[in-house]
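Written below as structure tokens is the structure these notes are about.
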Amino acid sequence: MDLDALYQEIILDHYRSPHHAGLREPFESEVHHVNPTCGDEVTLRVHLAADGTVEDVSYAAEGCSISQASASVMTDLVIGRPLDAALETHAAFLELMQGKGQVVPDEDVLEDGIAFAGVAKFPARVKCALLSWMAFKDAALQAQGEPS
Amino acid sequence: MDGLLSDLEVIRKDFPILGRTVANDLPLVYLDSANTSQKPQVVIDAMVDHLENHNANIARAMHTLGAESTEAFEAARDKVAAFLNAPSRDEVIFTKNATEALNLVARTFPLGPGDRVVITEMEHHSNIVPWQLACERSGASLSWFGLTDDGQLDLSNIDSLLVPGVKVVALTWVSNMLGTINPVAEIARRAHEIGAVVVLDASQAAPQLPVDVQAVGADFVAFTGHKVVGPTGIGVLWGRTEALDALPPFLGGGEMIATVSMEKSTWAPIPHKFEAGTPPIVEAVGLGAAVEYLSHVGLDRIHAHEQAITRYLLDGLASVGGVSVLGPLDASLRGGAVSFELAGVHPHDVAQLLDSRGIAVRAGHHCAKPAHKRFGVQSTTRASSYLYTTPAEIDALIDGLEYTKSYFKVS
Amino acid sequence: MDGLLSDLEVIRKDFPILGRTVANDLPLVYLDSANTSQKPQVVIDAMVDHLENHNANIARAMHTLGAESTEAFEAARDKVAAFLNAPSRDEVIFTKNATEALNLVARTFPLGPGDRVVITEMEHHSNIVPWQLACERSGASLSWFGLTDDGQLDLSNIDSLLVPGVKVVALTWVSNMLGTINPVAEIARRAHEIGAVVVLDASQAAPQLPVDVQAVGADFVAFTGHKVVGPTGIGVLWGRTEALDALPPFLGGGEMIATVSMEKSTWAPIPHKFEAGTPPIVEAVGLGAAVEYLSHVGLDRIHAHEQAITRYLLDGLASVGGVSVLGPLDASLRGGAVSFELAGVHPHDVAQLLDSRGIAVRAGHHCAKPAHKRFGVQSTTRASSYLYTTPAEIDALIDGLEYTKSYFKVS
Amino acid sequence: MDLDALYQEIILDHYRSPHHAGLREPFESEVHHVNPTCGDEVTLRVHLAADGTVEDVSYAAEGCSISQASASVMTDLVIGRPLDAALETHAAFLELMQGKGQVVPDEDVLEDGIAFAGVAKFPARVKCALLSWMAFKDAALQAQGEPS
């Protein structure tokens, strides 16, 4: 088992200094997601501009290195982008995580997110990596006024 | 003989117990598969491998063994989903047996005074008692389809039975006593017209027919591991996602929660919502291997084999004076469980005499007292075959019945 | 080291999985036994022998295999009765796990508005959620013993908690998170003074202490097979005959009935009243072998071993900077599950690092969220030992923690 | 397995021509017992004299050879005897049946009942042999006014 494949430097960096952390105003929706197995949680807010741009994603997360780093990377990837594009990135990240290590990530799409390719080989940790992404999708759709 | 499994002798070798002798060194003739099926080596080996090499608790454990065990357990869910042609793996709930699966629905389905539940007179007790208890608790009322003289569902009063107000129609796909295969897809269609949910007891169907939950159009389907060459200690409740989502939780405890505080708890999504506590892990591994084994042989081929053997059995029984069979006499209308009476000899005594010749059958009411009552009998002898049953075993049974008659001096 | 099992190396040989390697050929260091225990060869062999040679359904079958299977199943009940020092074998009910056993009581015990149920803040979710659901259904109210800072039950307000109107006091004998051994006999005595029934969750006690249901004076005691070196898919509810007789049935179906008609059914006496459907037969056989194995080693010796290992573990943890243990620090007050925090590293990451060195521990809330909340933590790492755990394995854990600290650069 | 040890001639004789069969009056108590596994049933009445003698035991039974023969033998053994003595015979028969074939029956006490010694070796049939005896004890205690 290759520990360094899991704990890539990029992941540990995001973990030690997470981007966009904290809860901010304004926001249209706020969600609270839990990983029932371990108790990791995230409270996450989404602020959409009138034109559908993801203006801000702010969060308070308690969890392991993987889940914290994932939240940080996610905000880098979605803030300032049109919601559609952000959701496409979400789909790409989901595919990577569910690929059991067989999916080759596209760096143009996932940027620092490619560091999570190794996580996909650790089934128990996939949920950690997905926690904040799932919360983002849920909150974004609510903000957009769609049923979540 | 048409329809027999061409590789029957090879298949028999897969089942170690069939090499056993009983009763002073006679070969075992196991004709009690509707009660429980025997287990192929591949199922036993899968369980042993799990216990010796991968045992750990699931979901909650992050270590290597935990990941292996979780993967094996969830792979079993995939295999069962494929076996049932379920649209989603999350619709497969592991229970301890078919009885728990049926009780889960009967305990949680919302019923109230004025509501009606419809069952049939040929149900196994496990699909009667839970609904009696549910009606008693809720003030709903219970009614049922009767039976025709040849052991089929009497559908003549279906219009007066399936009326608005009926919330649940629960019935068996294949009768464990009469062998009857019921027109479940048609009944499901009719039940849905009045807005009722349909609960199918597939305990006897899953072993011998291709079960396609989408084609049959039911809302819930239950079966039990030990009758599909899997172990005891595991059963399955399949339910449509929306139907399962609509039910409140059944058992409370570990793994079925989203979050717990002393004041209040919230629930995990299906399937976990209905899988409180440590699930039957090694049993799921065994069940996965079992349904894979059956699918590998082919359910269509197994069904054809069962019908061929049953036809041969019915012919054999017809040759024995004093035997009367309950249920359809046409093998193509039924599954491989055949209950019969032998005039002048009580079923216990029939079973005992057969056992002295190594032949295992069941005697009693087979957990279907109302169906026995319907036909005015208290108990019957039941011979039931499976994919490993040979025509020679049926011959042994018929010889054994003649011997029984001579032993008890009935003609 | 005082108290260690003298034949520890021989005992380890009984457990095939302990010979396994994980994570690039490192020997497995299994410190997750409070989650599930490993299985000795004798348990696996008993199950295989049953499946290969004696498999049949029980009670209902009169043939040779049926008699053998029934005898094996009922012999398991005798073994469990002896293990618990139960006054009657009929008081031993086989369930699918401890969770079902606790739900059985919570679902059937008669409660109404104004009644009270008392639990504790250190319960496993399986002894919280069923009572929350029972109170919600019945209008009864739930209250609980809090915890002291060192992880013991806070009994200071026992007089205001145990008052008339309390119908049930349900608590764990040994905490799966804090390790605390509770004064259950004393609490049972106090609860009986106000006429409450006492339900003990012995899931963590049964593996490691002599459990004598008569000495402890409870009304119901639950435990689970997979934690006492038995298989998954089986648990036990023991209850006093009068207490069990007073409960209505739980699941309805085959084997739990006296008679069934379409209109009405009546119930079999205990234990069968609570064992609807085909029970976990091969699992009972495995559990019987398991409790016999433990009794053969000796529960007193196992308890001494666990305490010696736990003392050594607590000493080891005290030597690692940044570790803080939850629960009693005196090994003689606790069982062999030790939950701790490592400053600056999340439990998931601790578990992952340890796993890379072949060491299996659990990370998370261990199905005890309220107890975690009480101590202001969201999750912990838990190392738990059993009769096969060696001091060298504890050394490996301590080394692994130092490695974890250096990997994550915490000091 | 020795079939003839189970189906002793005495048993088959009682089965073919059961003694004291049928339901008669007068009676102080009537019970209905069922073997839940197979559905065998017996309705049984007891008539006690004022001095405690078992004046009559009458029954309608549906069941196998063993259960029918056992009812017949039981009535032979208890009718006309003081209730205490009849219950002692009950205890002796119970001991024989639960003895797994290890108990040697006393012919002075059990008379034709000793033919059931072979039944004790067939665990599945022990319940058949005990059905009417259990019904008798239940009915007799009720007739005597004791809680059953």
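Order as written gives the chain letters A, B, C and D; numbering starts at 1 within each chain.
To be clear about the criterion, contacts are C-beta pairs under 8 Å (C-beta built on N, C-alpha and C of every residue); 3 or more make two chains touch, one makes a residue touch a chain.
Just so we're on the same page, UniProt names per chain: A, D = SUF system NifU family Fe-S cluster assembly protein; B, C = cysteine desulfurase.
These figures come from a predicted structure and were not determined experimentally.
Peer 1: Would you mind telling me which chain pair, B-D or A-B, is linked by more contacting C-beta pairs?
Peer 2: B-D
Peer 1: From the C-alpha centres, identify the chain that is farthest from chain C.
Peer 2: D
Peer 1: Compute the distance, rounded to whole Å, between the mean C-alpha positions of chain B and chain C.
Peer 2: About 31 Å separates the centre of chain B from that of chain C.
Peer 1: I'd like the Å distance between the centres of chain B and chain D, where a centre is the mean of that chain's Cα atoms.
Peer 2: A distance of 37 Å separates the two centres.
Peer 1: So how far apart, in whole Å, are chain A and chain B when each is placed at the average of its C-alpha atoms?
Peer 2: 45
Peer 1: Roughly how far is chain A from chain D, centre to centre by C-alpha average, rounded to an integer in Å?
Peer 2: 76
Peer 1: Which chain C residues reach two or more other chains?
Peer 2: 23, 60-62, 64, 66, 255, 257, 259, 348, 352, 355, 363-364, 369
Peer 1: Would you mind listing the residues of chain D that make contact with two or more other chains?
Peer 2: Answer for chain D, listing residues that touch two or more other chains: 1, 37, 122, 125.
Peer 1: Show me the residue ranges of chain C that touch chain D in the complex, using the header's touch definition.
Peer 2: Spelled out, the residues of chain C in touch with chain D are 59-62, 64, 66-67, 70-71, 255, 257-259, 268, 272.
Peer 1: State the interface residues of chain A toward chain C in the complex, per the touch definition above.
Peer 2: My answer: residues 1, 3, 6-7, 12, 37-41, 62-67, 122, 125, 128.
Peer 1: Enumerate the contact residues on chain B facing chain C in the complex.
Peer 2: Its residues touching chain C are 16-17, 20, 22-23, 28, 30, 32, 35-36, 38-39, 43-44, 47-48, 51-57, 60-66, 96-100, 102-103, 106, 121, 124-130, 132-133, 142, 144, 224, 226, 231-235, 249, 251-257, 259-262, 264-265, 276-283, 348, 351-352, 354-355, 358-364, 366-367, 369-370, 373.
Peer 1: What residues of chain B sit close enough to touch chain D in their complex?
Peer 2: Its residues touching chain D are 23-24, 346-349, 352-353, 355-356, 363-365, 369, 372, 378-379, 407-408.
Peer 1: Within their complex, state which residues of chain D touch chain C.
Peer 2: Residues in contact with chain C: 1, 34, 36-37, 122-125.
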